[in-house]
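Contents: one structure, followed by commentary.
To keep things simple, chains are lettered A, B, C and D as they appear, and every chain counts its residues starting from 1.
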Amino acid sequence: MIVILKPGTSQKEIDTLSDSLIKQGVQVNPVIGTDLIILGLVGDTSKIDPTQIEANRNVTKVMHVAEPFKKANKMFHPKPTVIEVNGQKIGGDSRLALMAGPCSVESEEQIVGIAQEVKKMGANFLRGGAFKPRTSPYAFQGLQYEGLELLMEAREKTELPIVTEIMSPYDIETFVEKVDIIQVGARNMQNFELLKELGRTSKPILLKRGLSATIEEWLMSAEYIMSGGNEKIILCERGIRTFETYTRNTLDLSAIPAVKNLSHLPVVVDPSHATGKWWMVEPLARAAVAVGSDGLIIEVHNDPANALCDGQQSIKPHVFGELMEQIKLIAKAVGREV
Amino acid sequence: MIVILKPGTSQKEIDTLSDSLIKQGVQVNPVIGTDLIILGLVGDTSKIDPTQIEANRNVTKVMHVAEPFKKANKMFHPKPTVIEVNGQKIGGDSRLALMAGPCSVESEEQIVGIAQEVKKMGANFLRGGAFKPRTSPYAFQGLQYEGLELLMEAREKTELPIVTEIMSPYDIETFVEKVDIIQVGARNMQNFELLKELGRTSKPILLKRGLSATIEEWLMSAEYIMSGGNEKIILCERGIRTFETYTRNTLDLSAIPAVKNLSHLPVVVDPSHATGKWWMVEPLARAAVAVGSDGLIIEVHNDPANALCDGQQSIKPHVFGELMEQIKLIAKAVGREV
Amino acid sequence: MIVILKPGTSQKEIDTLSDSLIKQGVQVNPVIGTDLIILGLVGDTSKIDPTQIEANRNVTKVMHVAEPFKKANKMFHPKPTVIEVNGQKIGGDSRLALMAGPCSVESEEQIVGIAQEVKKMGANFLRGGAFKPRTSPYAFQGLQYEGLELLMEAREKTELPIVTEIMSPYDIETFVEKVDIIQVGARNMQNFELLKELGRTSKPILLKRGLSATIEEWLMSAEYIMSGGNEKIILCERGIRTFETYTRNTLDLSAIPAVKNLSHLPVVVDPSHATGKWWMVEPLARAAVAVGSDGLIIEVHNDPANALCDGQQSIKPHVFGELMEQIKLIAKAVGREV
Amino acid sequence: MIVILKPGTSQKEIDTLSDSLIKQGVQVNPVIGTDLIILGLVGDTSKIDPTQIEANRNVTKVMHVAEPFKKANKMFHPKPTVIEVNGQKIGGDSRLALMAGPCSVESEEQIVGIAQEVKKMGANFLRGGAFKPRTSPYAFQGLQYEGLELLMEAREKTELPIVTEIMSPYDIETFVEKVDIIQVGARNMQNFELLKELGRTSKPILLKRGLSATIEEWLMSAEYIMSGGNEKIILCERGIRTFETYTRNTLDLSAIPAVKNLSHLPVVVDPSHATGKWWMVEPLARAAVAVGSDGLIIEVHNDPANALCDGQQSIKPHVFGELMEQIKLIAKAVGREV
């Protein structure tokens, strides 16, 4: 950690601050020049709160140098984490995780039908929303518990592990029992109470990046879950909020090599929610694989125009099939398999 | 609602879409030109999901014209809402709501001491965090239930109503019993499960704007609570996330006249969290009153350099006192009282 | 164009506005419901200034439906534009344009050496800065006219066409004479005087997207040049400014399919400036090709640690060579050639 | 300047880097811990290019500690700069600079009429566009040289100094001769060639902040002009680009105290362009004065609905008059005069 002081800070003030830091268990190395006074803190700085140091009126800025996350940090865990879900693996050099399915579970016929189609075309996970976070309280909120049952039925018929979003801590037990990967949506990425409780389970968690979350904050949310004991985190980039309005959000594909550089956790990409446009899903899915993603999560619907939600970003099964063919070639170029 | 179709859409396709919309209970008025085909939907469009229409491959764009919120909408409720809390009023032309106190409750001495000081200087509400949403799982998480007890003690001694943040739906009953205004933090603005449950209480809610929430999404979150039956919402602007890094967030003061134009709900401003810098609190608090805010929520700490959190953005009681003097003059210029 | 009026606007006010619009040569179709009053304008709306209509106090919003650009618009020019530069082609299904070279031209040895190396590895254009837009007036501003001469020498030795940035309208004649593709930098994307003058030349222009330019504004800047008579525009996505600070800017790869959908102009990607990190160039270059870019522009330097600028984002020639191998496979997956 | 190295960098590599830095004339102080290796650079670091150091593969990050601007820096020039324009003063504790007038100069009658009205109501400068930067090449581009003549006429009749925007370096001589304050628009904030040439004049420059410019970049653009010899810079905050679309841009009022903390230059606020909505001008103008701005620049038009541009953000003269009354009270609260 580095503390930058205002030029002109007196030796006495420097000493007082240094002493208080030394008491917190670190070694303080001052570098003093005319227009530069810094204190380099060496040792275990993890307990030191930078905002507290910044409250000192002589301090200009405090920077942490070591990343603030530990369990998610590649430095202390250089080997990529591989997560196993009902025989499927995600991360490392496993084959790509291809999660496909409708925005919302709507009926048995719909979810089983789509599951069978996407499986045939190469998907190895089934996604589908039972509980839906909607901006409007008046919009369709999902089939909820009934949706979970239908997902389980689709799993039984296809053997695809199921991924679905949790919205309330009250439902954790039910999800642990019925679901294979529990998804935390972008809007709940910093719902710390939910994260803490999920940390006490041993289910794989798909953690979506918040709409305005930095990469560091996203990894800190993973750290919340991991610090509770559950290290099975799959990160998911799904677009960030920017000034551009042509797409719903801006898919940040730079986040993939960034995460690979900072962490050992697997990371997948959701091109459907990022763009909000079905005709952009294909090119961005290809790009996601080319950039090094460990997988994709894609909305597929048999009848997008009558989907109960997000039809505008869903592709039809046959388009998903064509995409899988393109993905195969690209995966090969980056040393991965489909 | 307006549906914009691709130029060249055939009459048959227009008819099919129109019919499906008419079945949803609206009247469809087409406007057809060479490079413009629009359908103007007249009637109750609140049940129509725009993303579903956008899934039609002939549709370029769907726009709602009427605001998607109803209970929060000024159009249907032109008189400003005034919320009463233990004898204090917020909104309309009531005197300004001046909420002050430490980031975190730390001890009885601290919270009672600060409460007494800020009251003397003009504050009419006490703020203080018991449950703290922290980016890092390793940072101080607040005194929690003990913090609530200390806040109640400070209330007993000063008669200031207390405002504090809730983080988990499990705590709603406790908060309803012990707290005067329940704060929903920026990170939980779209924690829809929490909003729904708060909608079933009758406590005033201070709803902070999410870091990347549009004004419309913020009002939709208010609508979530209101649609459950609780209409006592106080909005709180606390800065949005932008590219500028000199301040922690960018305080969006335009949001105040925007909210006043769209809604009848009261809105206050938090200059402390927005800027993250104690020396910016004063000027931005003045600006907030000048722009028409119904109040302020400000971090005040007797010893910022030793605060357990966010000391860098806390002002000392005597600075708060000076600010109150400036505020008095500005409030007068905009027809308000302190 | 669509004009949305406030609910409650009187028939007389609607008529007055309609009449003034009809006088501007368009047909006005009103759609009137209780909470929806819109005027659909049919005909040539290109001369109508939406901000002027918005000045009418009964108007809530004005939206253009047709894109405001014409010459750049795919609708009126469905075939992709292919630009020929000294025998090399860019756009359509031509082989990928691979532009490589140092941030700054530094010496004859440096630029000729790099040019020969990148050519050998597959580059078909040489990039190199002679005039450098630097945030600081105290930073190295480029070799300027001498740099142009050195670029010409490198071209003579390698036959690679040269791409370099113009900063002042005074230099247009010189650039037209000496350079093959004139680059307009991100900071000058809305330097309208420069654009107008470039519109009077017949040189190919590489138009970089501004740091905070929407896709529509970017295409409007292309339109500025095209409306002057020069239709040889190559668009270049180079990252937009967002809240994320891990990368210098956020590469917006969604912009590639968006541009392909809206315009017939070719578009290339600059992963070096977008990320500001050399180790991100490879994965993002791969992703750019996978998403459908017509080419890449990449900083390559033989000795990044001693480069006079932007060494942190330059890759070495042998890394460029490896990248070319990966690109070949990915290009094939999307039906392109290297 | 601080250089942060990767943990594990060898002593030999540290020495090599240190030596190369020492050769550039600075003293290097290493702080070495297990997970922290930093080099503190003491001395004149202004010639050292951080991106060049970052190109070293052992370097994680380079931070400048001293601000990169000097002439604009308050540290070396603590007294606020006061700029005199035809007897009017801007900055320090001078009375507020109140610049008002139409977006575009349209006719003699219009500009003289508005000038007389705003003067009567308290304006002490006349603004008006002769050359207009328009997103579309097909939109009205201003009366240009004729517009300058009309502005001069209005000045003759009212004695108000005139502020108008320059778009091309070719016009500098004309502007120096005819205009009192030369405005550099947001889109040209980093048109470095224009800035350099303006640095060679001695005219006051109103430098608008770019739509996505950080405060530091904005001050660096001021530094460009100042480094050429012209230190008469008036900064102008006019809104930044964010995700919020309700307003055209987001007025960043935090920038005012930030600039006051970093620089001695005066700074004014343009609420008209920031919001793009006439009914937001009043509250935000009040807030700008309350936050500590040295003045305002406001669009006033006698007939907004027929203005040739930006009518939607122009207020009528009588509204400007009412605003002036409110401003008087607020100015007093912050120790300023109108």
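Structure notes:
Keep this in mind: a contact is a pair of C-beta atoms (placed from the backbone, for glycine too) under 8 Å apart; a residue touches a chain by one contact, two chains touch by 3 or more.
Keep in mind it's a predicted model, so treat the numbers as computed, not measured.
Using the contact threshold fixed earlier, the set of chains in contact with both chain A and chain C is B, D.
Taking each chain's centre as the mean of its CA atoms, A is the chain most distant from chain D.
Centre-to-centre separation between chain C and chain D, using Cα means, comes to 26 Å.
One finds 39 Å separating the Cα centroids of chain A and chain D. One inter-chain figure worth recording: chain B and chain D are separated by 31 Å, centre to centre, where each centre is the mean of the chain's CA atoms. Chain contacts: chain C has residues 212, 241-243, 245 touching two or more partner chains. For chain D in complex with chain B, the residues that touch the partner chain are 212, 214-216, 240, 242-247, 250-258, 261, 274-275, 279-280, 283-284, 286-292, 326, 329-330, 332-334.
Put simply, chain C touches chain D in their complex at residues 46-47, 49, 51-52, 54-57, 68, 133-140, 167-170, 187-188, 190-193, 196, 210-212, 217, 220, 223-224, 227-228, 241, 278, 304-314. The touching residues of chain D, counted against chain A in their complex, run 1-2, 4, 7, 27, 29, 31-36, 38, 40-43, 60, 63, 65-66, 75, 212, 241-243, 245.
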